[in-house]
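The structure's right below; bear with me while I get my questions together.
Read from first to last, the chains carry the letters A, B, C and D; within each, the first residue is number 1.
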Amino acid sequence: MCTAATYKTKDFYFGRTLDYEFSYGDEITITPRSYVFNFRHMGTLSGHYAIIGMAHVAGDYPLYYDGINEKGLGMAGLNFVGNAVYNEVEEGKENIAQFEFIPWILGKCATVKEARALLANINLVKTPFSEILPCAQLHWIIADKNEAITVEAMADGLHIWDNPAGVLTNNPPFNQQMFMLNNYMHLSAKQPENHFSDQLGLKAYSRGMGALGLPGDLSSASRFARVAFVRDHSVSGDTEAESVSQFFHILGSVDQQRGCCEVEPGKYEISLYTSCCNGDKGIYYYTTYENHQISAVDMNHEDLDGNTLVRYPVLQGEKIHMQN
Amino acid sequence: MCTAATYKTKDFYFGRTLDYEFSYGDEITITPRSYVFNFRHMGTLSGHYAIIGMAHVAGDYPLYYDGINEKGLGMAGLNFVGNAVYNEVEEGKENIAQFEFIPWILGKCATVKEARALLANINLVKTPFSEILPCAQLHWIIADKNEAITVEAMADGLHIWDNPAGVLTNNPPFNQQMFMLNNYMHLSAKQPENHFSDQLGLKAYSRGMGALGLPGDLSSASRFARVAFVRDHSVSGDTEAESVSQFFHILGSVDQQRGCCEVEPGKYEISLYTSCCNGDKGIYYYTTYENHQISAVDMNHEDLDGNTLVRYPVLQGEKIHMQN
Amino acid sequence: MCTAATYKTKDFYFGRTLDYEFSYGDEITITPRSYVFNFRHMGTLSGHYAIIGMAHVAGDYPLYYDGINEKGLGMAGLNFVGNAVYNEVEEGKENIAQFEFIPWILGKCATVKEARALLANINLVKTPFSEILPCAQLHWIIADKNEAITVEAMADGLHIWDNPAGVLTNNPPFNQQMFMLNNYMHLSAKQPENHFSDQLGLKAYSRGMGALGLPGDLSSASRFARVAFVRDHSVSGDTEAESVSQFFHILGSVDQQRGCCEVEPGKYEISLYTSCCNGDKGIYYYTTYENHQISAVDMNHEDLDGNTLVRYPVLQGEKIHMQN
Amino acid sequence: MCTAATYKTKDFYFGRTLDYEFSYGDEITITPRSYVFNFRHMGTLSGHYAIIGMAHVAGDYPLYYDGINEKGLGMAGLNFVGNAVYNEVEEGKENIAQFEFIPWILGKCATVKEARALLANINLVKTPFSEILPCAQLHWIIADKNEAITVEAMADGLHIWDNPAGVLTNNPPFNQQMFMLNNYMHLSAKQPENHFSDQLGLKAYSRGMGALGLPGDLSSASRFARVAFVRDHSVSGDTEAESVSQFFHILGSVDQQRGCCEVEPGKYEISLYTSCCNGDKGIYYYTTYENHQISAVDMNHEDLDGNTLVRYPVLQGEKIHMQN
């Protein structure tokens, strides 16, 4: 499955893990402002915000998993299997195919506030990208430096939730995930206080006991609680390096190690990549399961007025720095 | 606190996190065979196995936190506060000061089996390194490619435990840590089976639910269970890069994020560094909290017959690979 | 708060705990068939099924907490604070005040099926019983020997949930409670199987370890999981004595002990009473916090064609059987 | 398995559950002062304190599971399978067979202090009662109104632990059980405080959330934590009825319901009986799985100077009080 999070120091950071048992073949992909999006039901869009993110590029079309635009708005789609329901095309609505949702929002909105307005008339439709690439069942987090929302298209309609936790994982629906955090409200970064008994001499025998009860498994509800706790308590310097470093520690708390989530005999879901976008600077940082070093692509090093996708390969394999 | 683990593919790997709120100033330190150890109560030792590991070097003396020798024997000391008890010097015993324990074992033993023999007559004594560097309260893991043991000097004597889990954290004593793993015996990398009810239609709503119940906090007992589970279920290729990568994922499962363990107001314990020694090749890999890239020092690139310490600085600061 | 459950052997059993820090003054109350119910918005009802249950009788009106009727349909109201929302009176609907809901259903319906039909046109309204007895925020379980449902009037309308678990507690809404049971699907009455490791010699050190992870606190979500597990695994003979005995063991699993739930300084919520109705025989069994002996009132020992309430006091104080 | 607890209001109370899948046939048994105990290795004892408790009487010998003496000292043996180790007879020691331990202590000691003194020279030996009644593997709680201790005969010798919790269950050894209570030190009878986040609006959605994390299963470690919490937080009036009532609520928190602990296919461990002795008044109260009413035998209603056992049957079957 996957986990997304936001983080803010001097700049705004936004990223996610993509957890799965194989990769479709992804590239860090910059969509410049004049690249023409041919929406299936909404005509073409050529003048739009430039976008950088991770995409599977199919026939020159960037199927984004996550990205930010040049205004600092970030968006990511995460698995929502069994709950996502997309509609038929409906007249009078802005019919956006599920796979067009990220370009539609990041192309047109500078802020979450603008995204909320654009979402008012949206109809997420089930038009597939192609026969071999059917609709993924997803929900989304959209965030800027001021706020985050979660969008869920379900059987009972489109939900747009405020997301004060700044995180998203998978099932169950977001409001349930948030509700379940109440069960963890006593968790603390400080040592626990003794409320059990004043006669038993109970004491903390280890540092870090204040968060006893935080779940450590890889299920989506447990990752939600864990990453929400780690993100909320995170402390770091506000330089670019310190902020990015801390962000990867936050998502590292929900890293999926190979072997711990067996999805069928001998097949394991792992954190294929972990990303961290600086929304203010337009830089896309990432690591992969097999490369702990952070790599990065800077959108502002490219011509953002172009009309063709700029694509960088995802670097794989440990880049180990030998000191002797 | 800290976590240590072993891992085996084609080669043998051994490493640890060092978690604390500040660093004493550490270096990757190679002690060549002819460096003279002046033991406080055991005379001098000059012909010994070469050692590579992380050490605070004080007055040319390598105070090792962890290391391996050229034979592939690894050893690490981890906090054991409140339980470690060292003795007075006793005649007829091999009196080894707590701070000399790693050099004593790694200098003289090629295997755990040899270490067991050497331990038969040892007396761990409380002689401090210096007035300003009193005895740390530690316990130890000693491991080679075949087995691991844990050594604990306590009020009731010296314990030498078989360590089939291949992990060590901190309190409580090792046998209690192992006992508590029984509480997690049902945890699985596969999805859970429904034993609750055949009438309620219960189902796994997320991948990764088989390990529900695995603790996610930073206390030593929770880290013990978590890293034991992750290590035991780990799957990786057996190349050097894949093995090292997986090892850092294993210890990444117990990474201490800044902010999540507040030891006093505004002071946070973090995973200062994480190491991974290849016991067969004599390479010391590590990352630091602020540098996700793996760096490495290869003992075989040095003159192991020398008599002076070879020291490499711990590289700090994110080394980010810009792709454009 | 409260817990309700159903149970079936040869006969059908239905009951609940009523947990609170004080009692309003309750009586086991039989409403015979010709007692006239003056509904606030639905006229009078005089020919109806006889009802037995626990009620606070106010001005000759039975404010039932729970009860069954002579046809074996049971119903209980449980706290649902913060989620229950009642409507204004609406024309064309059957407007039933919250406090009239149990008489309305138990007076008119012989089965859950009939109750479902009657609920189709209901409008639960906020008309209070009196100025000093405002609307309680409740949700309800309605059950017969074949099935159970839960009724929740919330801001987004009236929900009628199938209740295959046959239990009800309090917040959160029923569908969330049921969803969270998925987290416990691995719990078993048998010993756990070892999926953690085949190298560590893990074993069950105690009987009863198969349900490790079942919560033991008094919160409504934890009571829901615990009583659902105990009820689902319950085994008993099918005589009246064995069935009733087992039923009190089921609800005993969520007994609230005085001192364990402090609602304000020095005030404690306790299980004021626990009931068990035999739906086939029309017998209302109960215990109180201070009387472990089961007491009972049999509706068929009364004239069920009467028009006045038959009331029995709730027996308090331990009735201890001295053997010498 | 089993659970024992102490409780103190105006008087001192001591009792236990006996949990097993069948009964050996037990009676409430009073051993008067002149009954002659023929100890296997210690000669005869005829002048001793009178004892009341639950026993399997075999050939006129009271094999006590638990009991108190006329001085208010209580003692109970609980399963300790896999850890209990009894010795061979040793000269110079007071060799007491495991099955003689309760008579030895309760016959000779008025207080825990005296029991400690008597234990100083004891040697618990493996002499069986008979060929068909081999040694049960047990450990013991001994308690009076001032203090409690736990006695464990293990491979490494006889342990006499202070027992400030006033409870005992089964495995693991007592000091480990006490240590594990540290993991629950944050549990409270009050609502939890929010330490997770000041931005997420987390709140208690139910009463009783302060003890979230308390385990609810039937394993011995979970019962230890649960009963320790309930006992420590217990509040009751100090009359005999209120005290006894509360005591049965305390042990009710660890009641084993039939069906929830399957020890072999179709065989279930249940709480066969639950006892509560008033140590000041010499009254033995009890309930059985099939009889919720409290029954009682008062030792002071018998001739305590006699020399033959006084035996009362354990009343089975629900004694239901019909009010009409």
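General remarks:
Everything that follows uses one rule, which is that a residue touches a chain if its C-beta (ideal position, glycine included) is under 8 Å from a C-beta of that chain, and two chains touch if they have at least 3 such contacts.
What you see is a predicted model; the values in this text were computed from it and never measured.
Seen from the Cα centre of chain B, the chain whose own Cα centre is farthest off is C. Centre-to-centre separation of chain A and chain D, using mean CA positions: 55 Å.
Chain C and chain D have CA centres that are 33 Å apart.
Each chain gets one centre point, the mean of its Cα atoms, and the points for chain B and chain D are 43 Å apart. Within chain D, the positions touching two or more other chains are listed as 172, 179, 183, 187, 189-190, 205, 209-210, 212-213, 221, 229. Viewed as a network of touching protein chains, the structure reduces to a complete graph with every chain in contact with every other.
Those residues of chain C whose C-beta lies close enough to touch chain B in the complex are 164-165, 178-179, 181-190, 192-197, 199-205, 209-210, 212-213, 228-229, 232. Residues of chain B that touch chain A in their complex: 1, 28, 82, 170-172, 187, 189-190, 205-222, 225-226, 229-230, 233-236, 241-242, 244-246, 248-250, 252-253, 255-263, 268-269, 285, 287, 289-298, 301-302, 312, 315, 317-324. Looking at the complex, you find that chain B touches chain D at residues 172, 176, 179-180, 183, 221.
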